[in-house]
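The next block holds one structure in the form of structure tokens; read it before the comments.
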Amino acid sequence: MSGYILRRILQAIPVFFGTTLLIYFMVFAMPGDPIVALFGDKGVNPATAAILRHQYHLDQPFIMQYLIYIGGIFHGDFGTSFSGQPVGNILAQTFPVTIRLSMIAVVVEMVVGIGVGLVAGLRKGKWFDATSLAGSLLLISVPIFVIGFVLQYIFAIKLGWAKATVSGDAPLNELILPGIVLASISIAYIVRLTRASVIETAGQDFVRTAYSKGLSRSRVVRVHILRNSLIPVVTYLSIDFGVLLVGATVTEGIFNVPGVGRTLYQAIIRGEGPTVVSFVTVMVLIYLAVNLLTDLLYAALDPRIRYGK
Amino acid sequence: MNDIPLLSIRDLEIEFPNQNGAVKAVAGVSFDLYEGQTLAIVGESGSGKSTTAHAIINLLPGNGRIAGGSVTFSGRELVGLDPRELEKVRGQEIGFVPQDPMSNLNPVWSVGFQVEEAIRANGIATDKKAVRAAAIDVLQKAGLSDAERRLKQFPHQFSGGMRQRVLIGIGLAAQPKLLIADEPTSALDVTVQRGILDHLEGLTKDSGTSVILITHDLGLAVERAESVVVMYRGKIVESGPSLEILQNPQHPYTKRLVAAAPSLASRRLGASGSTAKLVDTDLVASGQPAAEAGAESSSPVAISVQNLSKTFSIRGSGFKSTQFTAVNDVSFEIHRGSTTALVGESGSGKSTVAKLLMGLESPSAGQINIDGRDVGKLNKHQMLALRRRMQPVFQDPYGSLDPLYNIANTIAEPMVTHKVGDRSTRAERVRELLDQVSLPQSIASRYPSELSGGQRQRVAIARALALKPDILILDEAVSALDVLVQAQILELLAQLQDELELTYLFITHDLAVVRMIADNVCVMSKGQIVEAGRTSDIFDNPREEYTRNLLEAIPGANIKLGV
Amino acid sequence: MANRNEHFVADFSESVVEIDAVRIDDRPSNLWYDAWRDARKRPMFYISGVLIVLVALVALFPGLFTQVAPNNNCQLANSSAGPVLGHPLGFTRQGCDIYSRIIYGTSTSLSVGLIVTVMTTLMGVLAGAVAGFYGKWVDAVISRIGDIFFSIPYILAAVVIMSVFSQYRNVWVISAAIGIFAWPSTARVLRAEILRVKNSDFVMASTAIGVSRFTILMRHVLPNSVAPVIVITTISLAAAIVAEATLSFLGVGLPSTTMSWGNDISQAQVDLRTSPMILVWPSLALSITVLAFIMMGEVVRDALDPKARSSR
């Protein structure tokens, strides 16, 4: 087990450097003046450009720039946004909100996704299964921003059950609708994954042996089928996080949730290149960390990895 | 002795619905089982033997269902019984031991957990301490020393034999009146098998448990059971006391089974001299030794292996890698025109020797000479030329043919690779080969998934013969086949050897098959050759203890046939 | 048997004992033939097939479906007006005909989808095949590179790239931006399949015959590994279309002058409260197109699934 953990961490290191280098490269190593390019159509006044150039050490060789940047990250310095505020501060303010939103999304998608998937898998071929499959197909096909708008229109504007835009301190109850929107695509994938996993597990030999021992159906389903089916779902969580990151950007934009995603969304819309880069870098780092954690969780769940041979 | 049967099955019918209707797996099976009796159900794959046994406690896979008939146990009708009542019957009154010890234990729960849940479910004990004590008791009875520590371990940390013992323990934990054992030893090594079966016999005789033993091995059935039921294509073709069935089979299918069972049919096939055909219906295997293949000692040496060794580096769970010696200083010779068998259990290194000979692995030490030339010193072209003379046939008929190549292309591939002939001569040769292996011409345009295991193996043999090699390396070539099909293929191989003057290296774990096909035997264990010599010598006078164990482990080998 | 010692023998004439008879029916059967037959039995195959053909036609020949040139007739007088004869879906805020914008937007979205898919499939197959088949350090390097690209969710990466290349916002650049980060998924899937197939006995048999490594890869391993990639391709086409729409929605996609469903949706959000349908129609077009490809992916996946095929 410790060998597994060590290997995973060692694999993560080159990926960490590679990814940050890639992002940095994409923005700052392209031909032409990156500052001008970052500000695109908006144009930039020369004084600001000069300040930014110095700030991003563009007078130095590329590798030096990158190393300085990475060094900064280890000191908690994530650069400065266009408005002049250190990105680190903005993160500290907005992060908790996004965490709350994501938690709601994760809880919803797990409960609904696994629940529906389990029942669909156990009743394969029956109407519940067919309906949930059709439903999941539909959910995957509709882009998240469309779902966001539609649900916003129906539940907030027309029915008035929720607020269309979230207020400044983003209390939990106002985050429920955006949370559901954020969870929507993932629900579909989790339903399908759980269903497939349940069907496969239910056909395994040890399930038949469990029944032969005289165990009741409910016990077999809970202890053997469900427990074993969850392993692939846990693996999916790490990819899911990537989906959530993108979704958060869109969802927070639509519902005006004051989280990390909305800040990124506004930075994108306003064309604030440097802010975009800083935020994306942070998000990716978190994504890497979550991936690592998920792998560790997976090892914890599967004794074959935990206890080796 | 009680004359009311414990279990009574009448006209049982089981079907599996599919898109075109339903496939009938069991079409009217009836038999009785009495208290304390051990009954074996024997059949090949597709006979319905496992399905029948599973149906008793309604463990049918997928969408299988009982379409008719009755199963009466202790006076109670089990077909259509309320599921909750059936739950009580399972485990408590009828126990079950499955076939494959690896896949039948849940890998994510500890062994102790899985034993304890059986104990609790069947009411053997209820409070935590008593359950734990009972679990330890089960493991101890299963022959596991150190039971308390073992409780916390996981299935992958046990060996195959130990896992099977645990499963047997679980099956018998509640002291049921009937135990259904579904091929309990097929997935295990031969030497382990005997131990497990003895253990099972001991436990059940002690407690007077009736046993239904399902097996494809007739010798095993007769050895372990008082009564035998022979099934073919979903029906019972013959049944009765075991010895009687064996010594006096009446139905044509049973006769073929008896004649073809490797453990019982103890003659060398098709040696120059005796050409007794195997599936002759009025022949019951007698104990006559075959005429020795006398030609071999004077014929030249085709393959010579000297001090061959192979060591693998296996990456451990950390960063170190361990060295694993699969083949350790192995030497032997094979004369042209003869068959040498390399026998061993799993892990003995026999398959690795085959791969070394075929150039699929390179040796760590030692020398391989084919027709006097050292294989290690050949360059690429010479190696390619050598491959024309030596071809393999592998074990798994379901994996050794490319599913997307049709049969004609599969057989022609060696010719295409070695640039032999043109399209029309190759097509001609394919036709010739199909005839040689007794396959109809019409399958040339078909694909492997349309053929049965035996047919695919014939295709593999045809492919191996395409370039007219001198040597065939048969790596467990018949191990995955049903008994009767196996006999057919062995017949074919013997015939081809005669016609084409082939040399065979036959690798197998099945000593009984060795007797039928090999002139010489090398017994391997843990990478080394333990004993080698002529087949008759090894079988009649084994010198090493390991060889003796191997011979004794053959089920039914000691049963005398005839009068 | 009524008596435990009775020797029962079934009637001979009933059962004919054949050993291993060759049973061939009239149609050849391998993975692809069977998959084709399987697919044709499912209604979803036809529904998605028809939809895909329809979408393709609309993309290629928009003039067939609408007489109205999309940007020429925008009159502010018609701003946000409802459906009227000749303009079945009404008008946008700028007074442009929604229906014709949707028709002309089809080719944009489909182009991006196709280019991305071709890119990711080619790159992914190449990377996955080389990594999986040749193994060792080649595999290690390619897998690490794949991990790096995989670690950045492709939409975020595309956002960054498009922010940098803001002067070059056209179909090709956007497709490249999406594709560069999407290939690792395909590569991983193919690599896993190749690892599985590589150890098959038929590969060993061909090696023993003397077939060269490269020929084995091209003739034996790749054809048997391709099935999951085909499934992923249909899904990635759908995902690429959604990605373009999302990028346009975020304002870093195609320029607002180009007609795309994403742009339409993005511009319509302002009027959500008052005229929601302006948003709904392009969303519907988008969803139906995506749904068609995903359904096709489902059908293909089930058809190619070895476990689902009826055994012989």
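The chains carry the letters A, B and C, assigned in the order they are written, with residues numbered from 1 in each.
Throughout what follows, a residue touches a chain if its C-beta (ideal position, glycine included) is under 8 Å from a C-beta of that chain, and two chains touch if they have at least 3 such contacts.
Bear in mind that the values here come from a model prediction, so they are computed numbers and not experimental data.
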What kind of graph do the touching chains make: line, ring, star, complete, other?
complete
Count the C-beta contact pairs for B-C and for A-B, then tell me which is higher.
B-C
Where centres are the averaged C-alpha coordinates, which chain has the largest centre distance to chain C?
B
So how far apart, in whole Å, are chain A and chain C when each is placed at the average of its C-alpha atoms?
22
Between chain B and chain C, centroid-to-centroid distance (C-alpha), Å:
44
Provide the C-alpha centroid distance between chain A and chain B, rounded to the nearest whole angstrom.
50
Quick one: in the complex, what on chain A touches chain C?
11, 14-15, 18-19, 22-23, 26-27, 30, 34, 37-38, 40-41, 137-138, 140-146, 149-150, 152-153, 157, 242-243, 245-246, 249-250, 253-254, 265, 268-269, 271, 273, 276-277, 280, 283-284, 287-288, 291
Across the complex, what residues on chain B touch chain A?
57, 59, 61-62, 83-84, 87-92, 95-96, 98, 100, 103-110, 117-118, 121-122, 153-154, 156-157, 167, 170-171, 174, 316-319
Chain B touches which residues of chain A in the complex?
1-4, 6, 203-206, 208-217, 219, 223-224, 227-228, 231, 301-304, 307-309
What residues on chain C touch chain B, complex-wise?
1-2, 4-10, 12, 14-15, 17, 19-20, 22, 24, 28-32, 34, 200-202, 204-211, 215, 220, 223-224, 310, 312
In the complex with chain C, residue positions of chain B that touch it
18-19, 30-32, 34, 37, 227, 232-233, 235-241, 244-245, 248, 250-253, 256, 279, 358-360, 383-384, 387-388, 391-392, 394-396, 399-406, 413-414, 417-418, 439-440, 442-443, 445-452, 454-455, 460, 463, 484-485, 488
